[in-house]
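Common to both upcoming complexes is subunit A, partnered first by subunit B, then by subunit C.
Entry: the complex of A and B
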C-alpha cells in the first residue's frame, strides 16, 4: 500500500461492484440477487451440493427457510443463504458446539429458571435445535396450517416474531432455541469462511470489515474509509 | 492412585499475572519453586500466532482461551432466599485458563486506584459522616495506603511497560494528564497511545465543557521496550484482536511478554501444566499449610505436593474457592456478619452511550484493547456523596477496542435485531458508531458474598463455589448520575442519533451478557482478623505460610480496571515476603 489516502477507496468500489452483481461474485455464490427476473436461479441452489452432517432433511429445510428470513437476500449485501449460513449451522451442530463440550451439564436442572440465570436446560445445543425445530414446526402447523418452511415470507416473519417473543409455546427446555438460532445465524454470516459460512467473505465486504488483516498501525486516527478489502485466515482475498 | 512428590520451598497455585510476578521475585531468592497451572501451556509462538489466532468465532465467541464451565464454574443467586444455579456457559465474566491466565487475553487498561479508594470508609466518614453509609453496606479500608503502594505501582508499570500520560508527578500537575490522579513518583515508561477519531471527538467535546480528558493508560506498547527482567515489547500494530486473544505481536503486556521467558531461565523454578490444585493441605493444628493436593491430568492421579510456602495466585474466584475448600479463614456468615472468607464479593457497575455519525469513519477494526480518552471529572474524589446520595464514582471513556462483527454492531434505537432492516442497518452503521462509557465502582454489601454451594459439584466431586450477588440502589444511583453527565457530552457532539444503556431501578444481576472479568473481594485485606481474610501483606491470618494474591483482596470494587492494583499488591506482598517473612517466617501482623 503506498499512500492510501490519495487512492480512490478501492474497497468501496469493489463493494459497489458487488452490489451491481458482477459475474465473478455471482458465480462465487452460484446465484443472482433475488428480486431480479423470475428466470434467475433460486439462491438456494448454491446449497444443493451440501449434504448435512447433523440436520435431517426436514430440519435442513427449516434452517434454510428460517435463516433466509433472519438475514434475507433482498436489499444490499448478501443474505444468509448467499453467505451459506445453513452450512455453518449444520457443522457447528455436528461438532463440539452442538455437543455442549465446554458446558457444565450436571443436574439438577431448573429449565424454567429466571432467564437471567442463562442456559439451564439439560439439552445440548444440538438437542435444543432438534427438539426446538420439531416443536416450533408443530406450532406453525397448528397456527398456520403448514410447517414453517412451507409458509410464505410474511407468515414466516410473523412466526419468527412469535418465537423471538417466547410466544410460540415452546417448553422451557427449548426456550433458548431462538437465541441460539439468531446468534448462530449471525456467526455463520460473519465468521471466517473456513467454518462454512460467510461464503466469499461477502458479509465482510458488505459492511467494510477487513477480516483477518490484523495490522492497522498506519490507519490510526484517519477519519476516512479504509481502502482494502478483506482477507481470510487462509490468506485469500475477496 | 495417588503419589507424594518431594517437598518444595514454594508452591504457586496458578501461573497468570500474579503467579508469574511472585514466581520471578521469589526465584531471585534462590528458593525451589513449583508453579501448578490447571490449564495448558501457552506461548506467543505457536499459540498466538498470526493468522490462526485472528479467529473471532474460536476465541471471541467460543472463548477458546478461557475456563471451560465443564471443568470449572460456580453457582449464582441474587438473594439469600434464592436457590443458586450453576453458570453452565460463560457470560458475565471470562476467567482465564492456562499459562498466562487472563493476563494473555485482557485489554490492558492499566490504572491506579485513587488514594481515597484505599481508605474509602474513613474517607466517607470524615467528609460526609458515617450516617451516609447504608446499614447493609460493608465497605472497609484496605489497611494499606496509596502512599505505601506507590513504589509498587511504579514497579508494576515499569515491568509491564505501560503507555500513558502522567497527570500528577510528585504533586505537580502535568498538562494532558489526569489532574485528579494521586501523585506518582515519575511518568509512565512509554508515551500514550495516539488518538483515534472517536477519542478526538470526545476530547474536543469534553474540553469544551470544561472537563479534563487524558489518554487511557495502556498495556499495549507504543514503542520498543525492555523491562527489568530483560523482556522485550514491540509497538502495538492495532490488530483489533486484543481482548479475548493472545497478542500476535509481542505488544500486549502479559506474563508471556513480560515475565515468563526470564522466569524459565531460573533452574530453581519449574512449572507443571494441566495440574489443578484441589485444596491447600493444613497441618494437624491448622496453624500452617503443609502444601497442596493437585490433580495431575497426565498421570490421572492426585498428587500431594509438600511446600513451606503456599502462594494462591489462581484468580480471585479460584483463590476464594480454594480457601473455602481448605478451611483457610472462617467462612463468612451473612446472617451474623461474622467470618471472613468469602466476605464482600463485589463487581463493576458500567454503563454507556453509543453515538451514531453517518459522516465519520471510525474504522473500529483498527483498534487496540486500551486505546481511549478518559476523564476523571466524576471520579470518587470529585463527587459530593452527600449531595448526590450515593457512594462511588466512575471514569468516563471514549474508546473502541475492536470492530469484530459477531461480537456486535451497534445500531440506532429502534432497529430490529433481525430481518431486512437489521441487514440494512449493519451496512449503514458498521464503522459509524462510537461510545462513551462509564466504568464505575461497586460497593460491598452484607449479602453479597461467596460460599460453598450445597448442591452442585465439580468433576473432582468438590462443591462448586456459590456467588450471592445483586445490584443495589446505591450503585444504580451512581450509574444514573453518570448517565446524566455523559448524555450532555454526547449531545454536544451532534451525532445523527444516540442511545444509552445504564442500569436503572430494579435492575437484577444477569449472568448472560459479558460485563467485566473484574470480580473482587472474598479474600479481603485489612488490619483486623475479625473483619478481613488476609492481613495487609496478603498473608492469611490463620496460616502464616499462605499468601493470597489478586483482586480478592479488594474490600469493595474500585472505579477502575483491577490489574494495576493487582500487580502493585503482588509486588508489595513479594517485598514483604522477601524482606520480612523469609528471614523469620511468622505472622507479619
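Entry: the complex of A and C
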C-alpha cells in the first residue's frame, strides 16, 4: 500500500490509501464531501435492529456519526455504517477491551506525562470513551452550538480534525480518545464479522482479502487479482 | 470393539443346537506350546515387552485408572463389557492364578473356574503367543505389576447374551485352528514379523474381515482373507494386503515408521489405530518394527504399486481459485488447503496426503467424517513427541457442507470412493455430541 504522507494532499484520496496510512488528519480533511449521498437510502437503517450493550443512546448517536465521517459511505466501497462498525465498538467496550482486562492498570498514573511514556491514564478504554464523548460533545456544543451528531458533515469533519490535533480541550486522562476511536473504527471495519463489524465481509470483498482462508500459495508471485471471495471464521462465504 | 459383540448375536443359534453336548463335556485347555524347564526365567524386561506386543494395557486400564486394574468399558450394542482387573490382587484381580490358568485365559478364553470370556478379549489371536512370552508375561503380571484392589463392575448383557456358556459353542467354531504359531517363512525377520502380527499384536482382530459367525475369517497369513480389511467401532480398518491394500507401494521402513511414530510420508494413524501406536507399537524395538514392516510388505508383493490415476484436474481446479467452483471444492480451499495443499499431498510426516489415503477412500466414511467434525491429535511417541493436531470443523460446517466436502476429497486427485450423505454426517455429529455431554 502507498503511504499517504508521501503523496501530495489530494481532495479525492482513496479510502484504501487513507486506511493504510497514519496521516489521517490530512486525509480526513480531503474526505469531507457533504451532502453527496442525499438521494440514497440511509445506510444507518441497517443498524436500527441493534440494541447497544454499553453505549447510551447519546453515545451511540455519537459513535454512529463519528465513524460515518471516518469511513464515509459515499465513495467506491462500504462505509463504516454499512460495515456496522458501531456494533463492533459497542461490543468491544462492553467486553474485555473496554474493561482493560489486558492492560496494566496499577498506579502511579501521570496522565499528563509525555506520550512517549505510553498509556498513563487511570481510565479503562470504556471510561475513556464515556468521558471522552461527553467532553467532546460539550466542546462541540460550545464551539458549534450543537452536539456532534447534530452537526452537518463539514462541521463534523472540522470538529474531528480538531479532536485529532488535540485541540478539543480534552483532559489528559482522555487524551487517547481519538487514537482509540480511529483505531477501533479501522478494526471494526476489517476484523472478522464474529466481532460485530465488517458485516457480510464487505470490507474484505472490497480490498480483495480472502479472509480466514489464509491460503493462496498457488497465487504467490502471480501479478493478477485473486478471484475467490473471502470466508470468515464462522465459515460463511462471500 | 463393537464388532466383537455382533459375534454374540450368532451365538444363540449355534448354542441351541449344541447345547447339551457342550454342557456335559468339560472344557479342554490348550497345553503349553513348548516345554520350557521349570527353572526357565525371563530376561529383564522381557515380560513387560511381551505385554507391550499384546497391548494388554490399552484394554485393561480404565481412563485415568491404575494400570491393568480393569474397568475400561468396551461398548457393544448389547451393553457394556468391562475389561477385567489383571493385577495380581487376590480378591479382585488374577492373584493366585497358576501359569496354566493364565495361559488358558490367553489361549482359550476361559477363566480358572471354566467361565468363558467374551471375545472382546482377543484370544482368537493370542493362541499364537509363544510359551516364552506367556511365561514372561505371567512373571511380569505376578511379580512386577503391583496388586490393585479394584472390583470391576460385573458385565451384565441382556439375555441370552449373558449366557456365557454359549461362548463355548462359538469358541468351538471360531478356534477351530489349533493354537500355536508356525512361521510361513524361514527368514528370521519375516517369521518374527509374522509372529507379532498374527499373535500378540492381534492385528487381525481389527484388520481381518469377520465370517458368518462374526469370528475372524482367517488367523494366519497364508490365507488371503487374513488382514483383508475389517471394521471397528464403525471405522474401516483397511486391508493391509490385496488390491485395496492401504500400504500398497509402501516400503518396510515406511510401515515401521507409521507403527513406531504414528506417521510417515503418506499417512497418519487415527481412530483405534492411534491407541495401538500409543500403547503398543511405539514400544517395539527397531528390529521388531522392521520385522513387522518386512512381513506386511511381503504380503503385498503380489502385484505392482497402484497406478497413479490423478490427471491433475483437482489440483488445477483448486489452484484456479475460480469462484464458480462447486461447493465441495470451495470448502476444501476454505478449510483444508492450508495444510493438505491443492495437490492433496500434504507434507511428509506432518500433514498426511489425502490423495490415495485409505482413510479418505474407506468403504465406511465414518473415519473421514469424524476427522472433519472432530479433528484429531496424534499420540506422542518417543521418536516424535510432538502431538500433531488437526482442528475439528464441526462448528464451522453444516452437515450438508461436511457431506459435500467429504464427497469432494473422496473423489479428488484420482480417489474414487462413493459420495457421502448429509444424514451420515448428522448421525455422527449426534454421537459426538452425546459422547461429550
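Observations on the model:
The working rule: the second predicted complex is superposed on the first by the 197 of 238 C-alpha atoms of A that agree within 3 Å, B and C clash if a C-alpha of one lies under 4 Å from a C-alpha of the other, contacts with A are read in each partner's own complex, and residues count from 1 in each chain.
In the analysis below, a residue touches a chain if its C-beta (ideal position, glycine included) is under 8 Å from a C-beta of that chain, and two chains touch if they have at least 3 such contacts.
Source: prediction; values computed, not measured.
Touch criterion met: A:228 reaches subunit C, while subunit B stays clear of it.
Once the two complexes are overlaid on the shared chain, A:45 sits clear of subunit B and of subunit C alike.
Within the superposed three-chain model, A:153 lies out of touch with both subunit B and subunit C [touch as defined at top].
Contact with subunit B, but none with subunit C, is seen for A:74 once the two complexes are overlaid on the shared chain. Once the two complexes are overlaid on the shared chain, A:237 sits against subunit C while remaining clear of subunit B.
In the superposition on chain A, A:216 makes contact with both subunit B and subunit C. Comparing subunit C and subunit B on the residues of subunit A they touch gives the larger count to B. By the document's definition of touching, neither partner reaches A:58: not subunit B, not subunit C. Touched by subunit B in one complex and by subunit C in the other are residues 212-217, 219, 226, 233, 235 of subunit A. Put simply, subunit B touches subunit A in their complex at residues 50-52, 54-57, 61-63, 68-70, 73, 76, 78, 83, 85-89, 91, 194-197, 200, 235-241, 248, 360-363, 365-367, 371, 403, 405-406, 409, 417-420, 422-424, 426-427, 430-431, 455-457, 508-512. By the touch criterion stated above, subunit C contacts subunit A in their complex at residues 318-323, 330, 333-335, 337-338, 341-342, 393, 395-397, 401. Only residues 69-72, 74-77, 79, 97, 101-106, 108, 110, 113-120, 157, 160, 164, 182, 185-187, 190-192, 195, 203-204, 206-210, 212-217, 219-226, 233, 235 of subunit A touch subunit B when the two sit together in their complex.
Looking at the complex, you find that subunit A touches subunit C at residues 212-219, 226-229, 231, 233-235, 237.
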